[in-house]
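After this come two complexes, each holding chain A, first together with chain B and then together with chain C.
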Partner chain A sequence: MAAVEQVAEQTVRERSAPGWAVVLHQELRDLWMGGRGLLLSFAFSILLSVIAYLVATNSALNFLEHRESVNVTLQVAVAVGGLLALLAGADAVSGERERGTLESLLLTPVSRSQLASGKLLAALSLWLAAFAITVPYVWFLGRGISIVGDALITGFVVGTLLAVFLSSLGLVVSLFAGSNRVSLSLSLFLLLALFAPTQLPSSAQKGWAGELLLRVNPVTAGEHYVGKIVVNGHPWSEDVSWLLSPMVAAVVFAAAVPLLGARFIQLRGGVSG
Partner chain B sequence: MSRCRAHRTVLVALVAALLLAPGAQAADPAARLSVAVDRARISTQLGHKFVFRSTITNRGSTAARGQIAHLNVLSLHPGVYVDPEDWSSQRTRYLDTIPAGGASTVTWRMQAVNDGDFGVYVTVLPNSGSARPPATGPAIRVAVAERKTLNSGGILPLALAVPGILGLMVLGRRLRRGG
Partner chain C sequence: MPAVETHGLSKRYGSLVAVEDLNLAVQAGEVLGVLGPNGAGKTTAIRVLTTILAPSRGSFAVAGFPHTRPAEIRRRIGVLPESAGYPERQTGEEYLSYHARLYGQTRGGARAVARQLLEEVGLLERRTSLIASYSRGMRQRLGIARTLVNDPDVVFLDEPTLGLDPAGQRQVLGNVQRIARKRGAAVLLSTHLLTEVEENCSRVLILNRGRVIGEGTVAEVVQRAAAPRSARLHVAPEHAELAAAVLSNTDGVEVGRADGQPGWLTVVFAPPGEHTADGSPNDAVRTLLDSGVTLLSFELEGARLSDAFLAMTEAA
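Then we have the complex of A and B:
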């Protein structure tokens, strides 16, 4: 009897909840109770452990190299956390379409824009988990040089902006991709293209054209800002203009997800469903 | 009398040689410059920033143009690798013209990147690329106190524990689903 009341109470609660919250709840259950989120987090923690071990066991680190080791760990966490969010976003619609579950999803009384929003928020949970895993590593590496707080706050702000941008980008790609493989491949390609300028020689990054390229690209601009705070010890406000493109990209793409989702989440001809 | 003349001739020849020699100080504007610093010793802690000033004085009778001041840092003991770029991001300054009898002060901002004893000094040389020795100021002794920054031994338990906990969670989830 109590179980029936509990189910009824849950049903009433779900009915009163907005559509995106119901989708978010269901997506989080699939992601984390299904084990996919845990597996990705496990792989992420192995990567961070290897990097942290390598930088920490170099006994010849000087003060700046020490700050740089915190920076490297944080930048890897932000980049790979963004990658996880991107992958979850890229699988959100095309994956449902390919697994044949999109049709039943479309039959639920939830608007398509709320469906897209719920999926976007669920994809962001991977970044939040990645950040939570990063905290002990940054604390360990940065505690002796008093940059733990600054590093974690900067990493969270920049990482969240980039994760919102990248997961939204993946979701937008997923809306239009003909198959899940295309969606994941294209999203990864775009991510690599966004990271490519970080590999340019430092001489190419100087001058107005080089700086413009770094500033316009949300990924390079965000990573640059993290480096200035963590390595150079700059105050928050000094390089805040570098956060402009990550902010704009996050807002524009996050706004595009429900707008495009309302119009383009649909079954495709020839796809089983 | 002839010995006295001979001495005088030798003296004149020596003075002439000194004046006309390629390394003659009076012929090179850089040689008329002197460098002074505002302190002889700095004590600080690893990671801390510090500032000192150098004053380049033109003791010549003509203005000194195109002078370049350069900051150097080195360890006073062997076995410490010093990358001067880490200590200061602006180690070269192109000075404005220093009028005769005038002086130019340069502020140097540095950060103690290694611990130990270090020598910091400023040299000034002309942009003509002259091979003559540059003007060099007195060295400042910088004593940087050690600060324990990283206990590398503690990373292994952390590096194993985090993936270990997550691995157990993944395994537990798999077993529960399998059961």
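Then we have the complex of A and C:
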């Protein structure tokens, strides 16, 4: 008892960290020290190795010039990095709810907005790790041409915007999902729907309707922008309007997380005994 | 000022009444046992009082703060929810440190609190083990330690001994006693185990279908419940006839013989109020002794909290 009081006094003197930072720190520990983040990153690096090997050596694919190779690698990194961030976001609240650990968090004085913000920032760490893994691959594939720097900066900016959007989207889904399985499934479905236009034939992507579809969708707009910089060698300012929807999506969804979190991070059910 | 006070507290889910018109007051250092069958509203009441759910009607104050200031209440309470989950990949020390930091402790301070509490609940040696390797009893003790990271004024324990073996129950209940006695915190203990309440709670609150159907000390509740009481008597076999005759003449007492068991009698006492004081067990024993009957044993049934609980919940 005396020790607890002593520590409480010490705490007042030393000044403690804000709630979101405490949550972020613990989430990062759980993600990376617990091994889940490392496992996902390892799987990602294997995937990237296979792709880099194929685009660099495969006789059917090595017709791609350096720029195309870098672009393909970067696009995969952005897509998979976004996927990892989305999955971490989708598990954030519904996972805690399902594991029975949410109630004890809600009982602390940390606000629900701060809980949501800490979890969102932790989810983004998966994208940052994915990007860090991508750097040497892009450097290797882009050696000899002067686009490595531009490609990495563009990939980082677009990937970060999309990762913020996708992890926030996953977290918002997680707030409302009845179970963790529903949250993960619905988030994946939404991600596939967002990527679907990239698989349309190029004829369907042309014309005002096609371009509008590509511009409105943050994922396709972001990937299109990366292609323009890396493949076509455009300066970053020429096609910057393509970044509008990724930016809007990132800002809107990132802002929605603490706002919706404050109201909707809650337990399901209620009457048990 | 009571540590917990409620006035006409109600919680409804649409047309379903989970808690209705709850009025209670719990003082610091007191252990209040909250009893009730499944679905009685115990967990809902605790969730309302711990600010997880908003009340539909009424008001309450915890640790001196009204329910309109939930953040202040949360700073001053410790809660062990029913079927609480634990992060399997954290160690016990890490788990407690994390929660201490959520209450505003510095990193070093949180670690010190964690170690002190782990020692208090007997888990210091396992502080670096993953929670995944903890037994259910150890997890419950860890949960109780977690409720204390902020040195709370009020502790809510929802079924803390659920699924524990007798040794685990004893350890958890020992901790409950320490919380009230050493820390001076008010404890609300929701449980199904009535012996647990008899042994550990200063007062009892019985809920049924969201309403309070009994409140007071264990003795008061038992008396008010007016559960049918009976006794098994063992007298010297040669005194069996005399004992039966004496008791038959006692007002409010019915006597029977246990078949094939010489010297054993069964006695049923009329509920208080229906007869004179002659129907009380004490008077029956006194009458027997005054008549020179050698009484070998007297086992009263129906005077326990479990009997009162059944009488009250079945009547409601």
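For this structure, a couple of remarks:
Note that the second predicted complex is superposed on the first by the 247 of 273 C-alpha atoms of A that agree within 3 Å, B and C clash if a C-alpha of one lies under 4 Å from a C-alpha of the other, contacts with A are read in each partner's own complex, and residues count from 1 in each chain.
The rule we apply is simple: a residue touches a chain if its C-beta (ideal position, glycine included) is under 8 Å from a C-beta of that chain, and two chains touch if they have at least 3 such contacts.
On a predicted model such as this, the values are computed, not experimentally measured, just so you know.
By the touch criterion defined above, A:101 reaches chain C but does not reach chain B. When the two complexes are overlaid on their common chain A, residue A:133 makes contact with chain B while staying clear of chain C.
In the superposed model, more residues of chain A are touched by C than by the other of chain B and chain C.
Of the two partner chains placed by superposition, only chain B is touched by A:145; chain C is not.
After overlaying the two complexes on the shared chain, residue contacts for A:41 are found with chain B alone; chain C is out of touch. When the shared chain is aligned, chain B comes close enough to touch A:57, but chain C does not.
Under the contact criterion defined above, the residues of chain A that touch both chain B in one complex and chain C in the other are 33, 35. Those residues of chain A lying in contact with chain C across their complex are 1, 3-5, 7-8, 10-11, 14-17, 19, 22-23, 26, 29-30, 33-35, 99-101, 103-111, 266-267, 270-273.
Contacts from chain B toward chain A in the complex involve residues 46-47, 81, 83, 86, 111-114, 147-152, 154-156, 158-160, 162-163, 166-167, 169-170, 173-174, 177.
Those residues of chain A lying in contact with chain B across their complex are 33, 35, 38-39, 41-42, 45-46, 48-50, 52-53, 56-64, 66, 133, 136-137, 140-141, 144-145.
Residue ranges on chain C touching chain A, taken from their complex, read 13, 16, 18, 36, 38-44, 47, 50-53, 71, 74-75, 77, 79, 81-87, 89-90, 94, 98-99, 101-109, 112-113, 116, 146, 148, 151, 158-159, 182-183, 190.
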